[in-house]
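One chain, chain A, links the two complexes that follow: it is found with chain B in the first and with chain C in the second.
Our next item is the complex of A and B:
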């Protein structure tokens, strides 16, 4: 293995990091924003409310993201009425197509994760919110959502990591994020080994940053009392985590 | 047809008193079990009513009907003289319904409730738990609500725990925060649903002491409890529930020293045996 090539290609591929991050973070944020109301609808006891959301999550979780991306990028352009509408300015651009596919896909997964978190909120927490006179919206915003989000944080980290890696699919529709740049570089240098290892190292670095970021968040939310000395057991646990 | 029962009562019996709670003909079925079979019970303003009964007698369900956490299938409830607008169970619709959500929220805000399992919100500190209601429901400023919260935390002896999260508090401390949370809404009525049943024996005393202090302030309270000695000490009236009905009720003095019904006599005797 050519170590020098590995290092130089890592530097070159690093210029793809911004696009990878923009794609992943933007679709995570859009997915999260969409998933909150969808998860409440999905957790509803009313079938007419929850079934349409189930249909959406079922389709987007049951088909490959790559296929969804191709349908949006190659497929939608076949429909005349989209080609002639203003939507076409957006949908002919591979960036917007990727963002759309990733966002819809992420929203579907996050909706199901959130639904589980909402249903796991102990009924007593909601009793207390009702008893004090909160409106249904206040109960959701101030009680159910924060408790549910803390509960699902570990599963949500998985979704973040998965999406970060799945953003490499954008390279199939010509985007030059980390993977796209790697393929371009490989076709120029014919050194797939070093270059794809360099790409792997970059992804590993990004996922590590996100994992430790979320772990800090988790520690803050689930363990540390900010204004109080922590009991012994928790201090020991923190040392063991090395954070 | 049973819904018409309350309105067929003589006017003197349904006309609400100035305050407190009046419940008439409360029925509730959960699954196949008739939990409440026509409960009539009054609490006058300033009165402290203890509700006793064995597990499954319906006393907690009845208490939850007062602030409509559980909707009664039939019957009428007045809180502070206001009739709660409900639609009873009917043939075509299986669930009872709230007809006026604003009214129910307003009435709930005027009733403090303390639960068996504390039900503190785990993502909020003790102070945030106590001041959330005043901010969100009573529209106090954050500053005023925090001040109010500190005052009530001090009242339950937990000034030093304002910044602690519930998971770092003992059961007794959590229940005292929960009492402060109820008090911070400055309610006209306090409901206690077996407030000491989930506590370790050595933590029961601190909660009962706080409740005894509240009882001395002339507050209106309904207390569902297994602590017979405590009920006897603080209550002005007491009721005994058995199989979804009030089997006996009266002034505490009569109730505890001279029980009329065989059911209550057995219940009190069993209690004396356990504690002698």
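Our next item is the complex of A and C:
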């Protein structure tokens, strides 16, 4: 293995980090925003409300993200009706196609994760919220959502990591994020070994940053005991949330 | 030990000379991209077919070897050869100095030009598309043609095959004025030209021609002269590992025979409609 090549290509590939991060973070945010209302609809007892959402998550979780990206990028481009519509301004660009595919995919997964969190909120808490006269919206905003979100945080981290890695698929529609740059570099050097290892190192670095960031959040929000006991030795009493 | 090493080296050299005439290999595997018709592509039955496959089959018969063909994505085709996933590349690959640093080539088996295509709806000045422009040695007249081309592609988006010579040429000639997008297959470039994501592209002339002659390519046309030379080198050759001197010699010998008896020219006409077989220099 050529260590020098490994180092220089790591430096070159690092210029793809911003695009990887933008793709992953933007679709995470969009996915999260979409998933909150969808999760409440999905958790609803009314079948006419929950079934359409189920259909959406079923399709997007049941098909490969690469296939979804190809349908959006190459598939929609074949339809004259879409090409002549306003939508095409967005869809002709590989970045927006990737962002759309990743966001829809992420929203589907996050919706299901969130639904689990909502259903796990103890009924007693909702009863209590009703008893003190909270409106349904207040209940959701002040009681259900915060409790549900804390509950799902560990599984949400998985989604974040998965999406960060899935952003490499954007290279198949000509975007030059970390993986796209690697493939370009491989074609110039014919040295896939060093270059893909370099790409792997960068992804590993990014996922490490994200996992440790979320671990800090977990410590803060879940009041999980930090690694070192607080100086006074008194832990704040853990809030019960059904976990 | 030194003496022994010398004996081994001499033996190896003698063997390679001996094998050069009659290779002792019985079977080899040949890779083709399988996505650049009519050079090589996968037909409706999932079979690799095309000019490259016919050439390979003909050469293997001449070398008395059994050949198996596999398809391999373009951007991994040289690394795959180097790690011995197959023994030869017959995939319309141009013989270039850069590639010669990693692999060896047979003599050329095809000399094919490259071309720029644009969608017909794009207003560009008419240029002679039958003219040829060899990028090897530039002179004032060629510079002028390039400048004209450059003016026309300014602000346009052009698609090229990733790790192709066209990618190198486009970046070199027009990289500062046009947006260049690199694709993993010719088919995807064509899809994006049709869907108007990109305005045109640069690539193998004969592959474009097949696309332009098809109903899908009706709104696309050649633009500017046919390009060759420069980064494209002397033509397409068979890619081989440098250490396989026996195989290089065997392929060269078989190719010379195939050129001499007209088989290569016949196959070229069958697939391309024109003869792109190299001429024998006497």
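Just so it is clear, the second predicted complex is superposed on the first by the 223 of 243 C-alpha atoms of A that agree within 3 Å, B and C clash if a C-alpha of one lies under 4 Å from a C-alpha of the other, contacts with A are read in each partner's own complex, and residues count from 1 in each chain.
The rule we apply is simple: a contact is a pair of C-beta atoms (placed from the backbone, for glycine too) under 8 Å apart; a residue touches a chain by one contact, two chains touch by 3 or more.
Keep in mind that what you see is a predicted model, and the values were worked out from it rather than measured.
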Which superposed partner A:61 touches (first chain B, second chain C, both, neither): neither
Touched chain A residues, chain B compared with chain C: B
Which superposed partner A:220 touches (first chain B, second chain C, both, neither): neither
Chain B versus chain C as contact partner of A:188, first or second or both or neither: second
Which superposed partner A:77 touches (first chain B, second chain C, both, neither): second
Chain B/chain C common contact set on chain A: none
Footprint of chain B on chain A - complex, ascending: 122, 124-125, 127-135, 138, 142-143, 146-147, 150, 221, 225-228, 231
Touching residues on chain A, where the partner in the complex is chain C: 74, 77-78, 83, 92-94, 172, 174, 183-184, 186-188, 190-192
Chain A contact footprint on chain B (complex, rising order): 67, 69, 105-106, 108-109, 111-113, 115, 117, 119-123, 125, 132-133, 136-137, 162-165, 168, 178, 181, 185
Residue ranges of chain C touching chain A (in the complex, touch as defined): 75-76, 78-79, 82, 102, 162-163, 167, 181-184, 188, 191-192, 194-197
